[in-house]
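By letter and in written order, the chains are A, B, C, D, E and F; residue numbering begins at 1 in each of them.
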Amino acid sequence: MSKMNLSTRMILVLTLITVLSGGILAGWDTITKPKIAFHRQEALKAAIGDVLPAHDTYMSEETEFGTIYIATRDSSEQPVGIAFMAVGSGFQGELRIMVGLSPDMTQLTGIKVLEQIETPGLGTKIVVDPSNKQDPYWFPAQFKGVHVSPELVVVKNAKPTHTNEVQGITGATISSKAVTDILNKQIADIKTAWTSRGGPES
Amino acid sequence: MSESSQLHISTFRRGVHPDEYKNLTCHLPSQIMSLPDEVFIPLQQHIGAPCEALVEKGDLVKTGQKIADSPAFVSSPIHASITGTVVAVTSFPHPLGAKVPMIHIKRDGEEDEWELLKTPENWETASQEDLGKLVREAGVVGLGGAAFPTHVKMSPPADKPIDHFILNGCECEPFLTCDHRNMLEDTDRILKGMAIMMRILGIKQGIVGIESNKADAIATIEARVKSLNLSFKIQPLKVKYPQGAEKMLIDAALGRKVPAGGLPMDVGVVVNNIATALAVYEAVVDGKPLIQRMLTVTGDAIQSPGNLTSRIGTPFQICVDACGGLKDETSQVFMGGPMMGLVQYDLQVPTLKATSGIVCMQSSQLKNTRHYPCIQCGTCVGVCPMNLVPTRLSRLAETAKYQDCKDWGVFNCIECGSCAFVCPSGIPLVQWIRVGKVKSTEQQQKAQA
Amino acid sequence: MTEENLPQAQPETPKKPVKPKKDPRAKLYKPETPLILASSPHFHTRDTVPRIMWNVIAALVPATVLALVYFQWAAVGIILTSVSSALIAEMLVNKVKGDSFTIPDGSALITGLLLALTLPPSFSLGGTALGSVFAIVVGKHFFGGLGYNIFNPALLGRAFLQASFPVPMTTWIWPLTARYADVDGITAATPLGLFKFEGVSSELSGLLTGNISGSLGETSAITILIGGLYLLIRKYADWRIPMSFLLSTFLVSGVFWLISPESYPSPVFQLFSGGLMLGAFFMATDMVTSPVTARGAWIFGTGAGFILVIIRLFGGLPEGVMYSILLMNAFTPLINRYTRPKFFGEIRA
Amino acid sequence: MSSSLSLKAEFVKGIWKENPVMASLLGLCPTLAVTNAANNGLAMGLATTFVLLSSSLMISALRNFIPHQVRIAGYIVIIATFVTVADRFLAAYFPSISASLGPYIPLIVVNCLILGRQEAFSSKNGIGRSLLDSLGMGIGFILVLVVLGIIREILGSGSIFGMAVLGDWFTPWMVMILPPGAFLTLGILIALANWYNDPSRSKERRAVS
Amino acid sequence: MSYFLIFFSAAIVNNFVLSYFLGICPFVGVSKRVSSAVSMGMAVTFVMLITAVVTWLIYHLILVPFDIVILQYVSFILVIASLVQLVEMFIRKVSKSLYDTLGIFLPLITTNCAILGLALFSVLRDYSFMESVVFGLGAGAGFTLALVIMAGIREELELAPVPKYFQGAAITMIVAGGLALAFMGFAGMI
Amino acid sequence: MDLASLGISMLSMGGMGALFAAGLAIANKKFYVEEDPRIALIMDNLPGANCGGCGLPGCGSFAENIVHGKVEISGCPVCNDDAREAIAGVMGLEASKGEKIIARVMCQGGHYESAHKGEYLGIEKCTAAHITGGGDKLCLHGCLGYGECVDSCPFDAMEMSENGLPIIDEDKCTGCGNCVDACPRNIIELHPEADTVFVACRNTDTPKDSRKICIKACVGCGLCVRGVEEGMMTMENNLARIDYHLYGQGNELPTLKCSTNALIVLESVPEEEALSA
């Protein structure tokens, strides 16, 4: 090898390394890809399962506002709920929330914050609030059954009195409000998208 | 010279105003001290080349006899200040702290035999060159403190035309009043001395700058200028330290700024002290070399403060004794005022040409109780007349960053002491700055070597 | 002798010479009255660091008294805890570092007091002590102690608390409703919080007298102004800093207000609400952490005002005085560097 | 140059004396970023050590083939390959860890620690030594990450490895799991290490090499 | 998101150094003097710009079309490392002064998390080409800002009696902590 | 395994690899810049982490600065001792290991031996005291005792004795001369290890004056010069001076008498060279 001219050697060795690397990784990809895809699918399923009432299967449908998932029971074609992923900015960065709606799109069946980078222990109370010993998940839980029209409203330091109200987490009004803002905006979008496709006759 | 210009008190930016303490001595007529028994005359009393002794042990000398000289241009001869015998030419303690070669003369009896210089008939017609030579021969140096040979100032290089002469009558240091007394007591001779220097320089515009706290001096000078038919402008100046520093004075009187690192001649100005003008007059008209001067002996540790005209080379002790001696609780004696004066540890040191005062202070006044770290208050920055950042300079010197010291302008500092005067943390800013200067010079020399 | 380097003196152990009469040192010169050797200048003003600091404390008295009146035992608890923790921390650091006792210079007391005055009345005493110790130990002594800290210690301590306990640090109570035993008086949002989250503007009279919710010492503009003006008149604080801070806050928020008076609060409201007055007069003026040059002071204050308005109007938090000052503290070394005055007679390229 | 230390010393030096974080200030980003909980620190440490070991193996084996001029490119490709392997492995088999370490796993590629060891050591030493060196460095790195993680987790969440250890009386200092807490804790830790290592402090200090 | 917000967010609110912990090693290493901090900042910004452009192209023109996203890290870093090395050699040949102020910092940057972090974040956030470029500039500006502030502070601290054990890296970390606390004021702005 | 994607992966990576390698190969020729070969050698020994820990932008720049003598090898925090030695080898520092030079302090007037003028209030630093009226000691040449030299020693080879004089640790002293530059009184001199006799005083005052100010002063009595080979010891300005050149030629000093012990003999000399007093 040492007889070889330096430039040729440079090219040869680097090419060799890169080709090898490409090969190894392509192989590794084939091994791990299904697993990762499987985890994704599972996670998605779990999230939809969390926000929608019991169902047996769901199908996904693309709209101009993103994918929506329509869950049905085996026995009927009637959807039991509609889920979609809402994305928007929170206090620090993006929030990704799985939203479950009743088939007539008037009520929430549940929400789940999948991704967030809010301040730990503060904004993160929108996912889990360790300071509430009885029910650390009270914030997302209270969305179940809340009406979406008129718009969702956060109330502070008080119990909700109307069907469209939820109680904000303490100390992080912005995060709570970000959740409702995202929901308000995107539910409206999804609604138009869905009705324009002849969704539920509301 | 319009009337209105005199009402306008001008000044420079920044600076401080320490308590003056001038009323201890400013109203007392000066006294001529009796001849000292012995004098110690240092071979170097000026900026420039040191002199070589012209006399040896055992020689008899007359008052005013030249006893040391140097061939260098930037130098100034030394004269015997009493009549007597040379007892030694060796090192003695000097007010600067070192031991330097001096000529020790013991007085012979009561005689005071003068050896005078040859003077021109009429200085108004004598040649500029002769007058300049005479000023050198008389050993006249700046008596305002720096002791720069006056004849050098009188011969500026051709590319630096001079157009203004400023007589420095500010006397901004607290305590000192000798210039003030001189202005009151020797007004005519001072003004004529100034005229002589202006003649040597060949210029017409002269300004006398006087701080407005010496209203009597301003009035006297104004009156005499009129009656002598001179065209000098009298410029009252705000009472502010260091008004007397030449760069500040030029700024106040003419609005010219001497460039950083430059000299007054760069803006066409020569500045001289009151006493220097007097010395020039005495040399040129009376033929008397510079062997005596007025100095203020004062301070709260002196029994009876006053202004003395004393022979150069007189030990401090004798001057102090002439003013009644020291009170018991004395802790510091300086040569010069309290802002720039040099501390002394030994009263055997002699007065120099540039000694304008001996100030003796009691310890209760002086001992800095406690030092604190610099709190970055910026007061020092706000008072520095040279627009330096003293706190930064001292921190840099403290952490041995001498190159940075240079970049922050340590060599522009005139060591006026305003910064350390106001520093609430009691930081010896000026001392640090001096360390910075010494060390960066050393570093520079080493780099060049 | 193990170290055989003799050119150095053999350290004469101060044991008594065997034959005292033969002590060679007897011949040495001894001055009769030893004079003091020191460098010029030999004159000094009477201002000293403790004098400045104690004057600042005096200037804080009106605000402190009002805090005690409004928030009663809650204020007593917080102020005492904060000050005493600061003093104790300072003493401990002195011990560990082997420094002299620095309590009398008063700076630790100011830090403790100012921290207390910036805390919500219902804040816990444990948290107060933590912040105070953090301010002194981390904020001040890690950097080398008095005069060397980069960030304002009290504000750094407060920022630490704000980040640690965001909820208690933003829970406010109404004046005159607090009792030491049950600290949860009537909770209420601060005027800034009200505006930011509810769009409600507050009465100016409340902002002046301090009868509003807020940190202990920040509520009343009047008491702070009294103390602040005292400091400015006595020249213990650089007037340029509060001046430019307030001015730039006023102007920048004024621009926004003119653009859209409904969505942005009026500049007057901005001036008198929140901790701006306290910050501008007592915290931005902390000499250690603000520039030494006059031009630097202008830049410091202007920058702080600008950042303040940006944070107040667009940030997640209703208040930004603390952050604006801390940010400008971080810039201070650079400001000092680039605002070096032109030397007398300097010609700059 | 090849190292002249004993094999044991080769291994042990990375743990304290030449600890990559405390002594050499390498790999600071992951050190700060993922140590808001002890188990994150541990996972990151393990992943880094894996990459360190495997790329050391490769590079010391290939050290005589790679021309000087393309060594950086070559090394970094090798490192990146292993990082991708590790990243995908976690994503496929431990999705929760993968989620919590977020984007910091790919950044192992550019962790100065790894490239630093390759340049300084593996490219000049045999496989055995390189592995020992990497193992030592890796363990040193894990230790720092875990210690930092534990401190931050206790103070910031009141737990260790997710188990609550401090009672209800303790209000967590949330700042500790935020960026400032990371910097402050590491700063104090480095100061403590300086103090511990100070030769003038005490004579009987235990030198680990 | 508008370009301004992307820039502002990357430079200030989500500062790479102070809130994402990217590029900490050079942040600690090259912050001793303001002058080198400025040069370093410029060099980083420059490399970030190149990175933003090149990785966007690779990702969208090669990796995604051929479904080989698994090669993301390997290809990104290969391209960044080689390009930077090329640029460095080029600058070195062309201009000595440019090399001294900028070029010598380049090798230091290749192995800096901030660069790869930038590439990965742009992908993760699905930025368009222009958005990536603005993001790169913002991140570079933020890095420069943090670095220059830190350098100013460290020059100041050289004059301070920082306790012995805190000198150097330890106090730098503490200062960074203070800076991070101060930058939290911008939280929630975007 | 999906062969197509394998192929594409290998191809695209390989392509990029080849492309950049070619680029670098060309650049390596086109943009080649001549540099000091030692830089490359040093680079080989540096960690190459490019961490910037040395405060310089990367290992290359550090190596360059070592070659130009601008930084110390110890500046790199990552290097281990081996690497440092190797680099020192490259730089030939060790090759220059000649005669060991040690700093010696030419003053024995500590607090106990010398007289004081008064109380000095000011910066506790030798230079500062020196420029303030010459310091608080009456001897204007003697050690001021504020240890500026000690602070300047980069090798920790000095400390102040209780008596206020610097002590040099011969083992640690490298003869770098920093202390010599630091001392405002020029009291410290560098001497070869072999020099064992010194006049440890710099005072030039008259005998009468010097007796008053320090009991260890060289008073200039001339006792030591008597009976010494011509020129080996001379009196200049009331101070004895040893001509080390002559002394080093194997000439021995026959008498080592001194009325004040200003003339000193080191005892650490090996037996056979020891001088009998």
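The criterion applied here is as follows: contacts are C-beta pairs under 8 Å (C-beta built on N, C-alpha and C of every residue); 3 or more make two chains touch, one makes a residue touch a chain.
This is a predicted model, so every value here is computed, not measured.
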Smallest number of contact steps required from chain B to reach chain F: 1
Chains contacting each of chain B and chain C, listed by label: E, F
Most widely separated chain from chain B, with each centre as the mean of CA atoms: A
Chain C and chain D, separation of their C-alpha mean positions in angstrom: 39
Distance from the mean Cα position of chain F to that of chain A, given in whole angstrom: 68
Separation of mean Cα positions, chain D and chain A [Å, integer]: 33
Residue numbers of chain F (touch at least two other chains): 5, 8-9, 12-13, 16-17, 20-21, 24-25, 28, 49-51, 53, 117-118, 121-123, 128, 131-133, 135
Residue list for chain E, restricted to those that touch at least two other chains: 25, 28-29, 68, 70-71, 74, 78, 82, 85, 107, 110-111, 163, 166, 171, 174, 178, 181, 184, 187-188
Residue numbers of chain D (touch at least two other chains): 25-26, 69-70, 73, 77, 80-81, 84, 88, 112, 115, 172, 174-175, 178, 180-181, 184
All chain pairs that touch each other: A-C, A-D, A-E, A-F, B-C, B-E, B-F, C-D, C-E, C-F, D-E, D-F, E-F
Residue ranges of chain C touching chain A (in the complex, touch as defined): 166-167, 170-171, 187, 197, 316
Chain C residues touching chain D - in the complex, by the definition given at the top: 124, 126-127, 130, 138, 160, 163-166
Residue ranges of chain F in contact with chain B within the complex: 117-118, 121-123, 125, 127-128, 131-135, 140, 152, 181, 184, 205-206
Interfacial residue positions of chain A with respect to chain D in the complex: 1, 6, 9-10, 13-14, 17-18, 21, 24-25, 28-29, 31-32, 35-36, 39, 43, 119-122
Interfacial residue positions of chain A with respect to chain F in the complex: 6-7, 10-19, 21-23, 25-27, 29-30
